[in-house]
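As written, the chains take the letters A, B, C and D, and residue 1 is the first residue of each chain.
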Amino acid sequence: MQEIKCSILDKGFVTLIDMMGDDFSAVKAARVSYAKEQSSDIERDRALIEYLMKNKHESPFEHITLTFHVKCPIFVARQWLRHRIGNSYNEISRRYTTKYSEEFYLPDHIRVQDEENRQSSYICEDDNKKEQALLLIEESYKNAYETYQKLLKLGIAREMARIVLPVGEYTQFYWTSNIRSIMHFLNLRADGHAQYEIQLYAKAIAEIFNKVCPLSYTAFLKYSYTGNILKEV
Amino acid sequence: MQEIKCSILDKGFVTLIDMMGDDFSAVKAARVSYAKEQSSDIERDRALIEYLMKNKHESPFEHITLTFHVKCPIFVARQWLRHRIGNSYNEISRRYTTKYSEEFYLPDHIRVQDEENRQSSYICEDDNKKEQALLLIEESYKNAYETYQKLLKLGIAREMARIVLPVGEYTQFYWTSNIRSIMHFLNLRADGHAQYEIQLYAKAIAEIFNKVCPLSYTAFLKYSYTGNILKEV
Amino acid sequence: MQEIKCSILDKGFVTLIDMMGDDFSAVKAARVSYAKEQSSDIERDRALIEYLMKNKHESPFEHITLTFHVKCPIFVARQWLRHRIGNSYNEISRRYTTKYSEEFYLPDHIRVQDEENRQSSYICEDDNKKEQALLLIEESYKNAYETYQKLLKLGIAREMARIVLPVGEYTQFYWTSNIRSIMHFLNLRADGHAQYEIQLYAKAIAEIFNKVCPLSYTAFLKYSYTGNILKEV
Amino acid sequence: MQEIKCSILDKGFVTLIDMMGDDFSAVKAARVSYAKEQSSDIERDRALIEYLMKNKHESPFEHITLTFHVKCPIFVARQWLRHRIGNSYNEISRRYTTKYSEEFYLPDHIRVQDEENRQSSYICEDDNKKEQALLLIEESYKNAYETYQKLLKLGIAREMARIVLPVGEYTQFYWTSNIRSIMHFLNLRADGHAQYEIQLYAKAIAEIFNKVCPLSYTAFLKYSYTGNILKEV
């Protein structure tokens, strides 16, 4: 299988590294359930997929599985791994490894608090304030990383030294999911209420979903998607 | 992918119809977790798989997924579908379909109750008793099926008419699972305490598992298998 | 805790036998998430529950758990146990027990197939046809049960003899679930597309849900319920 | 229900705040499965619980549910929330709240890396080194927190300002689980391979488990526990 890679944020990515099935797998599974004749007619397949999506018959979409390699900041991973059902994860462990060097997420913009709605924020246009904020973040990262290095030099165990590292640090994990669980993920994370950073990852997942299962993706946007940032294609 | 099909009982089967990954997928996922170097050495891969299995690090095996088409009696399906975690199912619905004709499981042997252990039974060698029992079963099936046909002729809804059909009737389903969940399935069903019929299905699943992930299967038998009917290979 | 019991069909029931939490548990869990002040004002609690339900923040409802004792026909249990997520089951095993006597579901009505919509059926008003159909069902049950008894008398193992018993036979199970999973159950089973018999069980579950968590139930009907047989109260 | 609270680390805790069932709930569920007579004899109940545990019949233990309020460092929460099956979580969100003040985990000891086994560490007895390390950690926390405050003062959104905060920061969550899932948690986390900090939390969970389900806990240690830090009682 050819990998599909999307770069996200300053140093992150999402890469589809393996996959089982396609639109037609959901069709086949549904035709077992409803014992319908197999079809070689793509229009009938499309109609069946729309019917399933419209009527919330989501189980046939569990037979399409995808494995992604993800690199994202810890605070994004913490939101991501809350998705339990139908999702498998293997994350790098900083307790054991010295292989990956530490990297930190430096935003290319700054969001300021919306004073009227404390769950909301908007992008800051004030270049002076932006520069000040980014400098503060960068210096804080640098300070934490230097402390971490000093602790290691003292012989402190990695698993203990890392407690000073910020949640802006990058982590990596393997994620295996299925199209049904991915649709739930997109409903929550490809949405304006999600944090900006995970929205970008969710958009990349949506793009890959569209590439590999275009009929299901189109029907999802049409009938099941409850978020507000993905556009019908 | 080439399908792998095993015939089971008089009219049943298990067919592997799709798959994602192989032994090496578990190795890759584990190397992310432990941030170890990729290896092109099969002996190091085998050693890592044995290490994972021995230390109950089962999550890397969730990244290998398989889809099976299964045909088995209802009483077997009822035991099978109790396996919830990491398992997806789409079963034919007798409420809707007139496509599949009704078929019933006729055993090729008879098991008699062990009087000393009520959870145990053994194969009957008495040909006379066997013939009598099989005839009784066959006639009971025939009677139930004729009633079903009469009810349909009266115009009774299929979903209601079928309440007279026996649990020995065959059903079919699609099953998507991963190697971790399959190992749990085998621990419970590829075991002398499981009912004879599902043991046969479990053995077929084990055989296919061995064909597609030989390193993982061997390590599973060596370190994780708690049943008593699969032999080390 | 006082048990709540509902009789269903001719010999079935649903009994709530244990419970953890109430409406206020979801409120407390949500206030941790959103770090809001505790409130002693039921109107603010009601508003928070409505907000959660409206915005699909369903996780706080996982902290309210219920255990039911259910007695229903096998074909109903087969639909019920398809609900995997957040659901625990312990069903009686006919392989082992001689304690419960066999009982069979005899309908008090007959449904005939809708010729225009093969997924639909309606209640038969023709008393003659009804009598004929019920007699056929009763005789088929009787025949299957007599065969079962003969097989046992021959010494055949219970697990093998029972393959002739119909899916109309009653079974029993313990079901532990949480309010979130119960809402999903109701969306699928308290709906006109579900089979009539499981609709009756779902209505009983809904009634009990309303008794023990009235704020959540009311908000569920208002904002999350996708079925069409439960009425706002 | 009376709450049970254990203090852990310098500022953390585990509090049992609600519960459904007890040892006898598992017994009742198992007696439905095996259709055995109810018993009023505690010795027969104990024997049944030991039988279940010994033979890996873990499903009856899913009918006992517990809700905990947990306060622990983020790096501990990250290990904890990896447990998906049968576990429900609601964690405080730093995106929304200004209610909880920021608090950070200051160890009372220092662990140094075992040079021979990179997955291992031991407690440092060198008071000088310990003082140096703790001072470095404290200053790094202070620096990160000051940066966070400066960013907030600039008007930066909380969800963005917090990316500089360390994984040693405390978080809080509600955790609802059942005895089966808690046993899996203890097998992995009440074990010498787990990080020291989560071991302390796991021991507190084990203690509470023992208080509320003494028969199940004793049988668990005897037959199912695979870790190495809990002692038989």
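By our rule, a residue touches a chain if its C-beta (ideal position, glycine included) is under 8 Å from a C-beta of that chain, and two chains touch if they have at least 3 such contacts.
Everything numeric in this text was worked out from a predicted model, so none of it was measured.
Chains touching both subunit A and subunit C: B, D. Taking B-D and B-C together, the pair of chains sharing more C-beta contacts is B-C. Computed from the mean C-alpha positions, the centre of subunit C lies at a distance of 34 Å from the centre of subunit D.
The mean-CA centres of subunit B and subunit D are about 36 angstrom from one another, to the nearest whole unit. The distance from the centre of subunit B to the centre of subunit C, with each centre set as the mean of the Cα atoms, comes to 27 Å. Chain contacts: subunit C has residues 85, 89, 96 touching two or more partner chains. The touching residues of subunit C, when paired with subunit A in their complex, are 56, 85, 187, 193, 226. Those residues of subunit A lying in contact with subunit B across their complex are 18-21, 25, 28-30, 32-37, 59-60, 62-63, 65, 67, 69, 86, 88-93, 96-100, 172-174, 176, 178.
Chain contact summary for the complex, subunit C toward subunit B: residues 73-75, 78, 81-82, 84-85, 87, 89, 95-96, 98, 105, 107, 110-114, 118-119, 121, 124, 129, 132-133, 136-137, 139-141, 143-144, 147, 150-151, 154-160, 162-168, 195.
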